[in-house]
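Here chain A shows up in two complexes: once beside chain B, once beside chain C.
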Partner chain A sequence: MALVATQDTSAGKQVYTKWCAGCHGDNGAGDGPAARHMIPPPRDFTGAVYQIRSTANGQLPTDADLLRSIDEGLPGTAMPGWKNRLSDRQRRDVLAYIKTFSTFFADTTQRPQVLEFGKEPGGGTGAEALRVGRQFYDSIGCRKCHGDQGRGDGPSAPTLKDDAGHPIFAANLHENWRFNGGPTTTDIYHRLRTGLDGTPMPSFSDLIDQKFLTETELWRLAEYVRSLSPGEPPVVRDVIHAPLVTRVLPRAPDDSAWNAVDTYWFPLVGQVIHKNRWFAPAVTGVWVKAVHTRDSIALRVTWDDRSASPDSAWLGHLGRVLATVQSDDSTREQPALWPDQMVVEFPVTIPTGMERPYFLMGSSSGPVYQWRWTSASRSAAVAGLARGIERFDSLPRGGVGARAVYDHGQWRVVFTRALASLDTASQLPFRSGRAIPVAFFALDGSNGEHGTRMAVSTWYFLALDEPVPARVFISPVLAMLLTLGLGMLVVWRAQQKTSYRRQQ
Partner chain B sequence: MRSYLRHPFWQAVGLMVIAYILIVFIIPALPGSAVVPKSVVLQYMATVLVGVLIWVSDDEARWTTFKEPLHDVLVQPRLKVIRTAVLAAVTLMVGCITYGQVKASVAAPPNLRSIHPAPPSQITFRGKTITLVGLDNPLRRSGDMAAHLAVGHRIYYENCVPCHGDHLDGQGHYASGLNPLPANFQDNGTIAQLTESFVFWRVAKGGPGLPREGTPWNSAMPAWEDFLTEDEIWSVVLFLYEQTGWKPRTWEVSAGGSK
Partner chain C sequence: MNGRILSVVGGMFLLTVCSKGDQGNAAAAPAAPPAPAAPATSDPSADGGTITGKIKFTGTAAKNPTIDMSEEAACKAKYPSPPTEEVVVAGAANALANVFVYVSAGLPANAKYQAPSTAVVLDQNGCRYHPHVLGIMVGQNLEIKNSDPLLHNIKAIAKKNRGFNVSQPNAGMTRDVTFSAPEVMVNLECNVHGWMHAYAGVRPDPFFAVSGADGSFSIKGLPPGTYTVEAWHERFGTQTATVTIAGTESKTANFTFAAH
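Right after this comes the complex of A and B.
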């Protein structure tokens, strides 16, 4: 194979074998030992098909493109950024070595041509710009896969495969921190121009050539897509503060009272602790809000889910997922119509010390108190005790209410319960002013999740806030009076001195 | 504008602003740097302030000029509005800070975790009793090292990568969802400090096998004896040391007891 003589690929091979082969395989075919625990799977270098490029659809990437993926990693996948992990030299060496896996790179007479991207035109965040962006979002077919609201729930979403036949999700455009090619408007514009080769995401450069839209209009689309995600990626805050509301408890998921309540983000990851483990969770996190009245609590859990399971449209996708992800038991399970599920977990009593039950569904000796909701019976939730991941006993007189809404790729479920507990031995009594451990588990039935296959969180906390008592204001007011008094004294003294000097 | 630039008071203000921009915006942008924590910013700014004060008070004339604007704000009738505004702002700030201090807010309880709790002297591994004290990795004495490492490499990538990461630095793609964070094997405070038998124990028994001071209820580390054989665990332990370049802590030959 003709190689570029100036590049030393033996050093690159060493780096590759040590740090890359575990996922990408010894021969670069994307078949390392970790590969079957990942969706999307690791890149197969032998085909030289790359998603993140600055070149036209179907072209090879430039060295700078490949180096960027090595340096920054691919957010939303298992590929980390190696910029701070390997030296400049090592990364350049490994880049040269990766190219030797494919003969396409051997022909050095054809240099990949970088597209002319231009600069982002001004006025991108105004309402008019976003309206134009949205108009093209609809007209060039983004919504077919990414959905009306951009959560990757479009009508074609269940059918998507990459070139190797692996299942692939249309990106949830509300989570730009998981965009493979980067989160910025410029990154999005580049992906629109180049497409994501090897995936169903096409390039839209030809629409510019055909004068269907202008570059500015495509920038507007990129700006619209960017506007769907928050300005900054969500930051995890440990304690959910549930304010006291004097009005009635907002039991409906879309009650306007929720708008005024602070929202908390908690990331979820695959359950990889108990057999059977699950390496490809579909739910990436939950947004939680909570309020309480003098006698009841309402907790709203919102999460993005591309399907209101069970949905037979997703059976094909489900089968592909089960075929791609290696399972702990050798038998491959047949696809079935499983529902979506959400579990909210608390200890049975508020702990006084730091000791708590085991975060993952308790244990036989230390049960946890859970609220379980499934999309099979939308407006109901079951309260019960879990004693390990396999055992759940529902409680009679659980007293937990649930109201759910599925809206364009998003579930919003409100759980309600009385603060006091009918049975303090098994059902947590809620008390204000205490840090109450809470954890979340989500299952997307259409992604093959049921039983132990789920997305999990660790322990976080819920606090029912009391209104600030009047005595708390005493010391700030005193401090302010003192400061003001001292300030006026200083001014008065300074003025006295000055006038005294003048009189002299 | 010129006169402002020459005035020691405005020069001092300018220096403070430049220092703040440097610490808060420029330093994090340097390669290999992180965002400067607030408390450290406060310390740096206090140091800069002391330095600036020393500089302005070093020269008598400069000190007098420096004080002028401050004095003017206090006494000049034409600056009454600014005077009132400064007084009000300082008062309000003190009120807010005090309120923030006295307001009761529920915080997450401190996570007082013993990172490397004392290991038991022996464990039961799938019904077999293994004495940890004085135990070395048996694979170092038997068989083909390259073959052991190949097994360890495979086991690591099949099982450990999501949390402990490709670089073994505890930053796998699941790490951000876990608390406590997965162990960073590249750090000099983890496997570099431990005997291989300790690492074997932690891998075999996982989070649920931790003693109470290790907060077993929080750890997402699986008990790998449910998934891996004894030799597979020893192989992956071997791999951890090989890949990071650390040497395991060894037992004293004569004592045969404590580390």
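Right after this comes the complex of A and C.
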């Protein structure tokens, strides 16, 4: 292969030591200094077990497979893509070098053989095709791990481990932008054929070989899985627009009034600033909708969470998480039945300039106003002031309502409050006309998240939209007519002038 | 030479450390005088020596966890009362089943053994593996079959062999696999059913056995020589003994593990 000819493992070693060893370890054993902070942990290259392959289950990857993982990284994990950071030459050199960590690559009997995948058959997006796909999703047992609705909450999900015994989540099939091997139907189909070696996700190729399923049927399943995620990965829009509704405020999470409201997505990341830091958050983002009436606001926060914590079925997973992720403390914590939590944060008053309090729960001198909800008391939320990550003082007469639904791996919580505030010194009064900073914090108790271990967002904005006054609709028309009229006038005048000049 | 057992000691030493590696914990007896070099052989002579023994344990083993099969009605229906895992399967008088016993050293270095053409069968039935522990030769077929009308994935976690992870959602599905290198043990597991574990001892020779319900085992057809015999148990670890075979005789190697 031409690829091999250009590979140089001593140059590869240099690249490796500089860019990869921090995670993958000097000897490729997946034990670099950063390794104990992440789930999934960096790959141990000594076993030559690779997830993303074009080869049959249990086989070695091809160089092209490895190069793809190095170029693109593995979305949804700490493994970054290197296409834009390293030259072609460097990436090939490091590829050759990581192969030297395992004797399997030297073994000539282990020639990787690319599977015959075929092409996606036509007609895959119609309702009938998706129905067929869904049928096989149920009948061949995907739901056991990935759950009825595909959010990674199946009955076997809490017990899953990778080959090394580390905890592993069944992928949330609604977030294809986090699939390790790529988001497309073809990527999904390839993963179903090859499995993700080293993880519980098996290969389904035998079903085709033994005629339990046709290739088309497995493609239909891949298409169904693809249909669970949005057409495009969500993009962040900074300002949540809360329209004014004339009817009653939708307090229930599944009130049909929510269907008409625009939804906003915000990514969450681990809290890695304060001790104890947290690099392995379970909640990856929130979907937010908001509306207001003349006197109240309702904010619906939706997020995927595989467990309605506390749930003792997840204690094993929780123990594995605590054992895998190194804590900033020297002592390892004992698993406990922690609840899920959601925190919505605002400044205490609407800032007039660009100045905002510290996003990570304020500070002792600059508190932030928060709504805190926990799954331990689902239909209640506490309002209070946070003065830094460790200090929260609840406010008497907080006046925040909450209603929650847990449904197949998803929480939907509606927070409600009066727009006016009884205590303007500490409780933000909501007003239209100005963008109100807002931030979100999520904790999955079954993933060991409590205290400072959480997923955080940065500041975004909430805007209470005024109904567009009637004259606003008219004035543009008027303005247009006016401009048009003026234009006509100018043209006419000009023409007059020309003709006048000509006449002269 | 009367072929007395020069040493069967491993069993006398109680294990203190739980270990699943292939490092024996028990000290072996003083080495036997070197036996005359055995001729290399391609097939174990039917009339070679035999090592038999009984395996038991002392102390009280923790109760095997009961399996909650409520998610799998079809499996649950196969049992009159809830089944348990098979971590420690004990017979009468603390006899220990499911111990993989094999000759770990002493065979002529240049000996090559042909893998039998018959397959070893691993059946997934009632959401448990049958057998729970098996021995197999390098290159010999392992036929994995599903007798349950539901999804099992069977995953092999190995170091010296390539692992695999294939799914069998239908009853009647089979998959043949072979292992290319000796390895004690290759772990087999189902991730749909976290309680399903099986272990395969992969050997380059046919001198291995798995202890039965009464704790007994027998390894036949050994050429004359001095052998290290290792006994592996999934929970209690490993023990070794040294046995010298001089002719077509039968020697005894008993092992006693300490429950922990």
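Methods note: the second predicted complex is superposed on the first by the 466 of 504 C-alpha atoms of A that agree within 3 Å, B and C clash if a C-alpha of one lies under 4 Å from a C-alpha of the other, contacts with A are read in each partner's own complex, and residues count from 1 in each chain.
Simple rule for what comes next: a contact is a pair of C-beta atoms (placed from the backbone, for glycine too) under 8 Å apart; a residue touches a chain by one contact, two chains touch by 3 or more.
Nothing here was measured: the structure is a model prediction, and the numbers come from that model.
In the three-chain model built by superposing on chain A, chain B fits alongside chain C with no clash.
In the superposed model, A:33 makes contact with chain B only, not with chain C. Look at A:144: by the touch rule set out above, it reaches chain C but stays clear of chain B. Contacts of A:159 after superposition on the shared chain: chain C is touched, whereas chain B is not. Judged by the touch definition given at the top, the superposed model places A:207 against chain C, while chain B stays out of reach. With both structures placed on the common chain, the touch criterion links A:49 to chain C but leaves chain B unconnected.
Within the superposed three-chain model, A:457 lies in touch with chain B and out of touch with chain C [touch as defined at top]. When the shared chain is aligned, chain B comes close enough to touch A:359, but chain C does not.
By the touch criterion defined above, A:241 lies against chain B but remains apart from chain C after alignment on the C-alpha atoms of chain A. Chain A has more of its residues touched by B than by the other of chain B and chain C. With chain A as the common frame, chain A serves as the apex of an angle whose CA-centre rays point to chain B and chain C; its value is 130 degrees, to a multiple of 10.
Here chain B and chain C sit at a least CA-CA distance of 28 Å once the structures share a frame through chain A.
Residues 71, 150-151, 153-157, 159, 162-170, 173-175, 180, 191-194 of chain C are the ones that touch chain A when the two sit in their complex. Per the touch definition, chain A reaches chain C in the complex via residues 47, 49, 57-60, 104, 109-110, 139-141, 144-145, 155-156, 159-161, 163, 195, 197-207, 210, 212. Only residues 18-20, 22-23, 32-34, 37, 77-78, 80, 82, 84-85, 236, 238-239, 241, 267-270, 272-275, 279, 285, 328, 354-360, 363, 366, 433-435, 456-461, 463, 465, 468, 472-473, 475-477, 479-480, 483-484, 487-488, 490-491, 494-495, 498 of chain A touch chain B when the two sit together in their complex.
Across the complex, chain B meets chain A through its residues 32, 71, 74-75, 83, 87, 90-92, 94-96, 98-99, 102-112, 153-154, 156-158, 161-163, 165-167, 169, 171-174, 176-179, 206-208, 212, 215-218, 220-222, 226-227, 243.
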